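Pasting a structure here, questions to come.
For clarity, chains are labelled A, B, C and D in written order, and residue numbers in each chain start from 1.
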Amino acid sequence: MSDNTIGRLFRITTFGESHGPAIGCVIDGCPPGLGIDVAEIQRELSRRATGKSRHTSQRKEQDEVQILSGVFDGCSTGTPIALLIKNTDARSGDYAEIAKKFRPGHADFTYWKKYGIRDHLGGGRSSARETTMRVAAGAIARKYLREMFQIEITGWLAQLGPIRTDQVMDLEAIDQNPFFAPDASVVEQLEEHMDRLRKSGNSCGARVSVMASNVPAGLGEPVYGKLDADLASAMMGINAAKAVEIGAGFRCVDQLGTEHRDEITPTGFLSNHAGGVLGGISSGQDVLVSVAFKPTSSLRIPCRSIDIAGNEVEVVTKGRHDPCVGIRATPIVEAMLALVLMDHVLRQRAQNG
Amino acid sequence: MSDNTIGRLFRITTFGESHGPAIGCVIDGCPPGLGIDVAEIQRELSRRATGKSRHTSQRKEQDEVQILSGVFDGCSTGTPIALLIKNTDARSGDYAEIAKKFRPGHADFTYWKKYGIRDHLGGGRSSARETTMRVAAGAIARKYLREMFQIEITGWLAQLGPIRTDQVMDLEAIDQNPFFAPDASVVEQLEEHMDRLRKSGNSCGARVSVMASNVPAGLGEPVYGKLDADLASAMMGINAAKAVEIGAGFRCVDQLGTEHRDEITPTGFLSNHAGGVLGGISSGQDVLVSVAFKPTSSLRIPCRSIDIAGNEVEVVTKGRHDPCVGIRATPIVEAMLALVLMDHVLRQRAQNG
Amino acid sequence: MSDNTIGRLFRITTFGESHGPAIGCVIDGCPPGLGIDVAEIQRELSRRATGKSRHTSQRKEQDEVQILSGVFDGCSTGTPIALLIKNTDARSGDYAEIAKKFRPGHADFTYWKKYGIRDHLGGGRSSARETTMRVAAGAIARKYLREMFQIEITGWLAQLGPIRTDQVMDLEAIDQNPFFAPDASVVEQLEEHMDRLRKSGNSCGARVSVMASNVPAGLGEPVYGKLDADLASAMMGINAAKAVEIGAGFRCVDQLGTEHRDEITPTGFLSNHAGGVLGGISSGQDVLVSVAFKPTSSLRIPCRSIDIAGNEVEVVTKGRHDPCVGIRATPIVEAMLALVLMDHVLRQRAQNG
Amino acid sequence: MSDNTIGRLFRITTFGESHGPAIGCVIDGCPPGLGIDVAEIQRELSRRATGKSRHTSQRKEQDEVQILSGVFDGCSTGTPIALLIKNTDARSGDYAEIAKKFRPGHADFTYWKKYGIRDHLGGGRSSARETTMRVAAGAIARKYLREMFQIEITGWLAQLGPIRTDQVMDLEAIDQNPFFAPDASVVEQLEEHMDRLRKSGNSCGARVSVMASNVPAGLGEPVYGKLDADLASAMMGINAAKAVEIGAGFRCVDQLGTEHRDEITPTGFLSNHAGGVLGGISSGQDVLVSVAFKPTSSLRIPCRSIDIAGNEVEVVTKGRHDPCVGIRATPIVEAMLALVLMDHVLRQRAQNG
C-alpha cells in the first residue's frame, strides 16, 4: 500500500517526484458548478513559492499549473479535476554527492529501509514540492467553502525559533511580510535572526497557527472521523511537522476544568479553549489549530552519518534549502485545513441531508 | 457518513452507547493463527477500568468481554472477531436533570447540532465507554506485534495538572500505582493533588506519553498515510485529547537544526528527537508520542450554559466522573499505538512482500 | 485483508460463523431520525427463514434479531446500529464426518488454501447464514428508500431448474407461495420438481430477478462506482451466485442497436432494455437485475474428492440443505438492491447536495 | 462523491474527458522494483486502439503514453505512477448538432440528471476513451502477475451479434485477426456481418470471454470482497457492459448439482463449472469470466428522443463510432481481470504474509 490520497468524499491523489518530469494531482469529488479559475489557483501557489525573499530557498520554481480535466466553460463538472505542474528547475547535480549517504533527519534512510530503492534526486516523494499540490487543491476547496458557507481561513507564523510573532494579531499584516507574521513590528527582528542563521549555516523551527471562521456546527464524526483527529492527521502529514494542537492544546494540561470549559450564553460561547471542536464535531466557534515544524536538517554544517553500506561518513548538504521551512508552511497549513473542512462538509451533507 | 471504523487493513468498527444494552466492536483483518485468549483481553480492560482507586470514577463497570466470532480452538481464523460487553451499571437517573441542557465543554451541544437528536444518557457515542473497545482490540494487536516483531508498547502519565511525573523514568513503577506514573516518588503528591481537586469539585488536565520499541524500520507511507499522521489522528481521536507530539514535538520550534537532527553512526542513532519517524516512515528507533488531555468539564461547580431552546441555564453535573480523565487514558493511548502499528505492519507487507 | 464491509456511506459490517455463539452486523451511516422497529426487521428475516416449507432446509433457525445500539426512542440516532442474532440450532455433529474432507463445489477447499485453518462447522463465514444480516440491514435501507423516495423493491423467482416462472407477472402472487414465483399457476409444477429432486438426492439452480421502481435519476458514479457495477458486485457476492444481468443482459449480444436503444419521448422511455441504468447512472426507469444461482453442491449422492492430506476420498453430505438455494435467495437479492441504492442515495447527496 | 478510483491496495485513479487536453491515471500501490517499460504499455494500448481495421471507429487516436512519475532507472519505486495521454484528434464539430439533444441509450441523459451540466463533447467521462487508462494500468499489473506468479491472461471474442466465435479455441489465432476471435475460420463471416451492419447504419452486441491461468489458490475475501464479486464489478463497469458470468454463469440455472459441482481428485479438478472461484476465493483453477456488451446506440439511423427542454426531437449521430464496441473490448476485459487479480494478490499478502 502506498497511500497518496487524502479525503473521503473530497479526495486528493498526488503524484510526482521533485526531480521527475512533473508533479500533479487528481481532485475527485468536487461538486459540479463551482467556478474554477486557474489564476486563483496560481495566486495561492505563488504565496507558497520559493524565491520570494532572501529568507527562503533560492530555487526558482515557476509552479505554472495546468488544468487537464474536470472543468468546462470555467466551471467544475463534477468529474475529476487533474492539475499538473512541470518540473523545470531541477539541478540534479546538487544531489550527486549525497547519492549514497543518508542525511540525518531526512527521509533518505527510511525510504531506503522501506523500498530498498534510492531515488536520491531531491528526496523523491518526500520533497516539499509535493505540497504545491496540496495548496493547489486547497485553493479549490477554499473557494467552495467561501462561496457556500462564507468560511474564511487565515494562517500565520506564531513563532520562529525563539521569537514569538503572534503577541500582536493584525491579520492585515500577514500578507505584507515574507514571514506571514501577524505583527509587523517583529519583522525586522525576524530578518536579523534569519540572516544570522544563514550566515552560521544553521536552521531553526517554527510554529504556524491557523483559524477558520464561520465553520458551521455539526462537521466531524463522533468516533473515528473526528474533525480534530482529521485535522491532526492532515497537519502532522505536512513535511517537517512534529506536533499539532487544537485550541488550548498542551496548555490544557495545566488548566482547571472551570477554566477550560467554554461557558455558553444565549449570545454565544464565553471563551474558545476547545478550538471550535467538541467531541470531534465543530461547535460553530472558530476552528483553531497550531503546528510545530522542525528545523531543516539539510545543512552545510557537517554531521556524522552512514552510507548505504553502513560505513561512517560525514554529510554536508549543498542544495538550496530554506533555513526555516516553517516560513513557507503557512499557505500549506491553510490548504490542509481547507481540504479537511471541505471533506467534512460533503460528509455531513451525505448523512444529514 | 458516520465513521466508526479505524484502520485500513486491520479495521476496528465499534458500536454502542454507554447506556444502551451493550457496546462492542468488530475487528476485521486479523491474520489467522494468532492465539487469542479472552483473559488476556480482560487483563488490558481491567487496567483501564474505573473503580480501581478513589481517584477515578466510582462507576463499577464490569467490562466482561465476550468473543462472538472469529476465534476457533483458541486461534484467530482470519474472519472478523466480534467482541461484546454488556452494559450493566447504567444509572440513567443521574442524567435526567441535564436532559435538555448543554454541558459546556461537552459533545452535547455539537451532537445536537449535527444530528438534531438528543441522546442525553451518558453522552451516547461520545462516552469514554467506547474506549473499552479500543483497549480490547488493542490487546489483540499488541499480542500480534509482540509475537511477530517483539514490539513492546509502554505508556505512562507524564504530567498531571501542574505536576511533572516523568522526571524519573522507572518503567517497573508504572503498573504499581493507580496513576501509571513512572516515578514512585511522586505518587503521594499526586494523591494529595487529586484529593484537593475532588474536594473542590474541580478537575485537571494531564499529559500521557507512550513508547514502542523494536518497531521495524519502513512502516508508514510517504505522503498521506504517514505513520506520524496516523498516530496523530489516532491519539487526537481519543476522548478529551487536545494535542499530540511526536518525538521532540513543540520543543523543535526552539531547536537549531544541528541540535534536532539525529546523527547516525554505524552502531545507531545518537539521539531521538524525531521520535522514531522520518518522512512519515519508522526509522527503527523507539516511536515516541505524547498526548494532552483536557480537564473534565462535568463538574459539580455550576456554570453558565443554555438549554436546547436557547435559554440561559445553570448547569451542575452530578454523574460519577473522573476528576482527571487523563489518568485512565494511559491504556487507551497504548492501545491506539498498537492499532496504528498493527495496521501499518499489514500495509507494509501488502506492498513490499 | 478480510473484507467484511459493504458500502461507502451506508456501511454494513457483518461478523459471525454459522456455528459460533452469534452472528451480527454493524450498520454505520444510517441517517438520524428514521423510525426503526425490530418487528419490521423480523418480518423480512422470516421471509428468508428456513423451515417455511418442505422445499427448503429443515433447520429451525429462529433468527430473533436484537438491536444493540443506534436506536433511541424508536428512532435511528445517526450512530452505528448493531444487530445480533444468537445461534441456537447448530448441530455440529452433522459435520463431523466431513471435517477433513473437501466438499466439491464448496468453499472448504479455498478457505483451507487461503487461511490454512479448517473451521469445518457449517462452513464458517461461507455459510448462507451470514445473509440474514444482509436481509436485516436491507430492511432498514428499504424503509428509508420507501419513506424518502417511494422506492419499491420487488424480487421474484424467474426460473427454477428448467422451469420458467416469470411468463406471467403477478406481483401479488409472489408472497403467496413458498417459491416467490410471480405466477401462481406454476407452483404445483415447482412442487413436483422439488419433490423429485429431493427424492433423487440431487439439486438444481435458479434465476432470481428484482426490480426497483421510483428510483430517482442520477444515482451512480460515471466511472468506477457505476450503479450497475455496484449492483453486479453486490449480487455476485451472494452465496452461490454465478452471473448477473442488468436489463436485457446477455440478450443484448443478439440485439441490433436500433432494437436495444430505448427511445425517449416527452412522456417517457419507450422500452427498458437498459434496465434503468445508462452510463452507470440511474435514468429514472425501473432498475432491473437478474441473478443466477448454482445448484447446491452438498448432496447425499456421493462424489469424488480429496482430504486435507491430498488423498482420494468419497464425500457424502448429510447436513440439512436446500435442494435449491435459489428459492430462499429472493429476499437476499432484494436486500442487496436496497443496500446498494441506499448507499448511492447518500453518495449522490454528498456530491450534489 | 465522484468515484474515479478502482482497487483497494493497487489503486487506479483516472481522469480526463475525451475532448479535454489529456486523459491520464495515477497508479498507487505498485510494489517497488518492477521493471516498467513505456513500450510495453504502448503495445497493450495499440491492441485496443481504433483505426486498426475498417471494422472499428476511424478516429486516429495516437494514444502516446507518457510516464510522469514513479519510475526511476526503468524500475517502479513504490511511489505513484502517473500516466498521461494527450488528446489530439478531437473533432468537436461532430458533436455540435447533438449538444442539446439526448442520445437514446447514452449517458447524456443521466449525466444531465446527475450533474445538471452538459459536457456534450464526446460524452465527457462516459467516453470509452477512459478505458485507455485501464489498459495502460492493466499492462503494469499483468507484468507483475506474470513475473511473480506466471499468471497468463487471455481474452477473446466469443460471440458477435448472432455469430458464435468460440466453437474452436485456437489461442494463437486471437491476435491474428482484428476481431480477437479464437477461430480463424469465422473471420470472413465476421467481416461480412460487419460490412452489412455498417452499410445499414446499424450496430450489434458482442460477448467477450477471458481466462487467467496459474492463479494461486486463496485470492479473494470470503464475504464482501469476494474475487468473483470484484470481477463482476470491474467487468460491469466497462462501458456498454450489461452482464457478467463466472464459469458456467447462467447455464448453472439448468444444471443439476451432480453436474455443476467440480469433483476433485489427487491430480486436480475434473471440470471447471465454478470458473476458478469457490466461496469467493480462487481455487487454483483457471479463472473464467464472460461479459456481454450492448450494441452501440450512436447510429445514423434516426430515432425518437427529447432535448434538454423536454421537447420531442429526432436524433441522428454522425460521429465516428464502432458498429460493435465489443470488438475493441477484449483488451479492456483482459486489463480489468489483471487489475482485480493484482489487487487481490496484494490483499492476500497483507493478511496472510
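Convention: a contact is a pair of C-beta atoms (placed from the backbone, for glycine too) under 8 Å apart; a residue touches a chain by one contact, two chains touch by 3 or more.
Bear in mind the structure is a predicted one, so any value in this text is a computation, not a measurement.
Superposition of chain C on chain D using C-alpha atoms only gives a rotation of 180 degrees, nearest 5.
Over half of the residue numbers found at the chain A and chain D interface occur in both copies, marking it as a same-residue contact.
Averaged Cα coordinates give chain C a centre that lies 27 Å from the centre of chain D. Annotation: 39 Å between the Cα-based centres of chain A and chain D. Centroids built from CA atoms put chain C at 46 Å from chain A. In chain D, the residues that touch at least two other chains are 1-5, 9, 14, 29, 32, 78-79, 114-116, 124-125, 222, 346-347, 350-352. Chain contacts in this assembly form a complete graph, since each chain touches every other chain. Listing the residues of chain A that touch chain D in their complex gives 1-5, 9, 11, 13-17, 20-24, 26, 28-30, 32-33, 66, 68-70, 72, 75, 77-82, 84, 114-117, 119, 124-125, 346, 350. Chain D contributes residues 9, 29, 31-32, 78-79, 222, 346-347, 349-353 to its touches with chain B in the complex. For chain D in complex with chain C, the touching residues are 1-6, 8-9, 14, 102, 104-107, 109-111, 113-116, 123-126, 130, 159, 161-162, 202-207, 217-226, 228-237, 239, 241-250, 252-266, 270, 273-275, 277-284, 292-297, 299, 301, 303-306, 310-312, 323, 326, 347-348, 350-352.
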